[in-house]
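Heads up, there are several structures right after this.
Here chain A shows up in two complexes: once beside chain B, once beside chain C.
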Partner chain A sequence: MKHGIELDGVTRMVNGEPHLADIHLKLEPGSFNVLLGRTGAGKTSLLRLMAGLDRPTSGAIRVDGVEVTGVDVRRRNVAMVYQQFVNYPSLTVYENIASPLRLSGRLGPKELDRRVRETAAALRLEPFLDRLPAELSGGQQQRTAMARALVKDASLLLLDEPLANLDYKLREELRAEIRQLFRDRPAVVVYATTEPTEALLLGGRTAVLDEGRLLQVGPTLDVYHAPATERVGQVFSDPQMNLLDVEVTEEGTEARLSPEVSFPPAEHLRGLEPGRYRLGLRAHHLRLEPRSPEDVRIPVRVEVEEVSGSETLVHATHDGIALTAQVEGVRSHPYGAELELFMSPSRCFVFSPEGRLVAAPPFTPEESLHGQD
Partner chain B sequence: MSLSRLTAPLYLLASFVPIYWLVGMSMKTNEEILGGFTLWPQSPTLANYVTIFTDPDWSNGYLNSLTYVALNTVLSVLLALPAAYAFSRYRFLGDSHLFFWLLSNRMAPPAVFLLPFFQLYSSIGLFDTPWAVALAHMLFTVPLAVWILEGFMSGVPREIDETAYIDGYGFLRFFVRIFLPLIRSGVGVTAFFCFMFSWVELLLARTLTSVEAKPIVATMTRTVSAAGMDWGVLAAAGVLTLVPGAIVIWFVRDYIAKGFALGRV
Partner chain C sequence: MARIELRGIAHAYQAAPRSEEDFALRPLELVWEDGGAYALLGPSGCGKTTLLNIISGLLQPTRGQVLIDGADVTAAPPQARNIAQVFQFPVIYDTMTVFENLAFPLRNRGVDRAEIQARVEEVAALLELTGDLRLRASGLSADLRQRISLGRGLVRKDVAAILLDEPLTVIDPHVKWLLRRKLKQVHEQLKVTLVYVTHDQVEALTLADRVVVMNGGRVVQVGTPQELVERPLDTFVGYFIGSPGMNLLPCIVEDGAVMVEGQRIPLDADVCARARTAGGELRLGIRPEFLRRVAEGSPQALRVEVTQVEHLGRHKLATTRLGEQSLKVRLPEEERLSAGESCWLELPPRWTMLYAGGRAIT
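The block that comes next holds the complex of A and B.
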């Protein structure tokens, strides 16, 4: 593939309801693309269109400039990995991996064997080649499915939430391997996921899909650090992004969150026109202790706390505004406890009341290495 | 012992009595059967079975029956496989109506179709052949087979089909190599149900044949002769009629419940 795959105004209607609306997307060969969206956003529908399993209601799909919209899936050079572990239950792991090669009929038995074993080795499946898929663990089954997708050197590799059905530990392990395996391939790789963390760890480019519409496309970190709209910010934040209505006063010297809390608009917030705005603040930027003198103190009342791993999510309210803070360590504040949360205005996204990005905090490549800051 | 613990043994006893009595009768002489009440054969004999295996009237009956039953089973399964696949995988105009109509076929009494079949087969020369009975029975077994197979097929995730197509499998190759092994038990159960229907069906089998293709069930009902009933031979024929069914049941014993639920468990 030389010019990649291009979706031109692709729409898919199912029973009169649009599942995908007017998608324009161009994916370069050799690129790793994350398709980020919540459940029901249309990720699977889009992957199925790209694979050729479904036909768009209108619009065109071009591969290397040639229209393939109605071309049968068997005549396309694609590979797909599903969220469910899909293998051929009656064939051994070896035969599962060999299957696409045998069907293409282009390889001699020796070369075929070499390719199968090489791919199996890359996915650490060598000890299981003679087993049936049902005799493997979930992680191994998914590895087999990935091996089958990798072995045929398809020019379009589609992965539909491949790690969603695995437990936490296996997911981390396989995710790290996926970065190695799917990078540096001449193919277009599309990886659909609901998890912002996964997108950040995988890197590449990210396309944000929501309710069948493509909201933003770009390098993953750019999208993360400068979500074009409030909605993109929400989709690309886990836990959810805090959205705070503020008013910048006539003189532009003060941003007011509530009668109690106001602060001078510093740094990238300077120079905002007076008026109403919505601040977007990711949960890990709300803290229990101040980090700098500019940090704004917000008194809150605790509603619920959720401990997840070594972190705690504190759900609280301030003057009727719901806030979520992600803080380190296991905390336990009783319901109704009075706390103080600190936010640094320099970390806030500024959205217009219509939800468009007005200003974003500047980011440097170093801090984005960890994705989380 | 409480009543509930007695229920199962009592039920088993009750259901085994007729079978025991049949087997017992088949090993008695007519004199003993008519002579009085004996719990087991006083002088066990296999003469009745010898009669059946040596008298061509009887043995042909079995052969004829097995012929049309085998024809029916094979044809029904072969026809139902693609139909069931279509119902389970594709949406097409009126598919649900057609599917229900297939089931409603099962509700029609066979007697309704006696006259048309008889007239049709007579006029095209199919009368008194195993094909006549096999084809007539298919009217009932094909819908049943489609329903059972559809249930089993719908249990196979569609993604397996799609992965196979993505990998480059043609339909036939996919169906035989990947799909059939996944619904093996379903095919077995379907064959069993077709077999059992055809094997025990009496009305069509008897009416659509006369001499050449006379089935065993017909032979059994025609044993009244001038010399009276030949009870012992009749009982032996009954035992032999049970055997094929028992053998088939043995093979599909693990899946039969699913079959009765038309594959939807």
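The block that comes next holds the complex of A and C.
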């Protein structure tokens, strides 16, 4: 593949409802692309169009500059991995991996054996080649499904939430492997997920999909650090992004959150026109202790806390505004406890009332080197 | 409300277990205090569902006794135990309304109309179902259905305990925390004994006052969320809780100090002394978030080579090399570090554990 894959104004209607609306997307050969969106955003619909399993209602899909809209899936060089582990139950792991090669019938027995063993080794499946899928753990079954997708050297590799059905420990291990496996492949890889952390870990480029629309496309860290809209910020935050309505006063010297809390708009917030804005603040930038003299104190009442490893999510309210803070350590404040949270204005995104990004905290380009494109 | 006691419980699925290996659940003693919130946490196949089914009466244990408030109920069927169970997939009647679903367990027991009305309204208010009582259950969202399922368990006044088996599996990730909050509030208000089975550490650590961690049919640690994070007594707990889990480094004890890859690591003298007589392989354990990056050449700091840095948004995760060992370090997002550099790490003694044969030396 030389020119990659291009979606040009692709729309898909199902029973008169738009599942995908006017998608423009260009994916380079050898690129790793994350398709990030919540359940129901249209990720699977989009992957199915790329795979040729469904036809767009309008628009064109071009592979290497040649229009393939409507070309049968068997004539495209595509592999797909699903959320459910799809393997042939009556075939051994070896035969499962070999099956795509046998179907194409292009390889001699020696070359086929070499390819199967090489792929099995990359996915650490060598000890299980003689087993049936039912004799494997969930993680091993999904590895087998991935090996089947990888073995045939498809030019387009689509993964639809492949880790969603696994225990989180297995997910952790497989995630790290996936990145290694897909590095240095000439294929276009598209990986659909609902999880922001997964997108960050996988790197590459991220396309944010929401309600059938493509909201933003770019290097993963750029999208994370500069979400074009409030909605992108929400989709690319876990836990959810705090959204605070503030009023910047006539003189532009004060931003008011509530009758109790106001602060001077410093740093990248300086120079905002007076009026209403919505501040977006990721949960880990809301803390239990101030980090600098500029930090704004917000009195809150605790609703509930969630503990994960050595971090705690504190869900609380201030003047009817729901806030979530992600703090270090295992905490336990009872329901209704009164606390103070500290927010650093220098970490806030500023959105217009319509949800467009007005200002973002600066981030150093050094960090975007991580993107593997 | 009830106190549940498990005495010498063990279970084998074979009719005639020959060796210890045949037991899905190894002999264990556990007490669930009245009104406590417990989680049973472990990977699939660890025996947690087996244990839950023994408590509810769906399964007769091969050995041991189940006591509820002191009474032996080992042979009693589930319906005689006043235990409510909530499963992975909501168990509700699609043809009934939400009200009828909630009322069903009471109608079955011949409770009078007025009391049914009062109880259903009370439970519906608690679970924020009041506005949905007249709706038909079919076609409702998964989280609503699971709340109804929970409501059916709560509606009986005499319910001794609620057992929940991975109840959030089918719930959309973005709604999960709302349901967790609801569950926590319900427990805080009703103080009913709660046993929550999950493989998800967030659910376990969030909901439970005490977490029972299981692996390979054994209980490996019972502790508060804080204890499990800060002082894992078993290497499995160190690995399973936390993301990524604890760093575990093979080590030796020499001249009253721990040596990893020829480097000296200061640790409590008593622990070192006990390590000399403990059996099994010695490993040093420290969580990625407890390692401290310090200035170059700090005394007692380890020099490591950075092999990879991952940007995870709220923090960075560095993979480093110490001789032949790999060590993961979690750093604040503003920290500057890249692959190929060296950096110096300190292992605060407070967060550094020593394990012999997988068990902590304390």
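Throughout what follows, the second predicted complex is superposed on the first by the 364 of 373 C-alpha atoms of A that agree within 3 Å, B and C clash if a C-alpha of one lies under 4 Å from a C-alpha of the other, contacts with A are read in each partner's own complex, and residues count from 1 in each chain.
As a convention for this text, a contact is a pair of C-beta atoms (placed from the backbone, for glycine too) under 8 Å apart; a residue touches a chain by one contact, two chains touch by 3 or more.
Note that the coordinates shown come from a computational prediction; the quantities given were computed from them, not determined experimentally.
Placing chain B and chain C on a common chain A by superposition gives a fit, with no clash between them. Shared-chain residue A:M80: touches chain B; no touch with chain C. Contacts of A:K169 after superposition: chain C is touched, whereas chain B is not reached. In the superposition on chain A, A:R12 makes contact with neither chain B nor chain C.
Vectors from the Cα centre of chain A to those of chain B and chain C enclose 70° in the overlay, to the nearest 10.
After overlaying the two complexes on the shared chain, residue contacts for A:L103 are found with chain B alone; chain C is out of touch. In the superposed pair of complexes, A:K43 makes contact with neither chain B nor chain C.
When both complexes are overlaid on chain A, the residue A:H268 reaches neither chain B nor chain C.
Contacts of A:H315 after superposition on the shared chain: chain C is touched, whereas chain B is not. Looking at the superposition, the partner that touches the larger set of chain A residues, chain B or chain C, turns out to be C. Looking at the shared chain after the overlay, A:K152 reaches chain B, while chain C stays out of its contact range. For the three-chain overlay built from the shared chain A, the minimum Cα spacing from chain B to chain C equals 17 Å. On the side of chain A, the complex with chain C involves touching residues 38-39, 137-138, 167-169, 172, 194-197, 200-201, 221, 224, 239-240, 282, 284, 303-310, 313, 315, 326, 328, 330, 332, 334-335, 366-367, 370. Those residues of chain B whose C-beta lies close enough to touch chain A in the complex are 157, 159-160, 162-170, 177-178, 181-182.
Residues of chain C touching chain A in their complex: 43-44, 172-174, 177, 180-181, 184-185, 188, 199-202, 205-206, 225-226, 229-230, 239-245, 287, 289-290, 309-315, 336. Those residues of chain A that touch chain B in the complex are listed here as 51, 53, 73-74, 78-80, 82, 84, 86, 88-91, 99-100, 103-104, 145, 148, 152.
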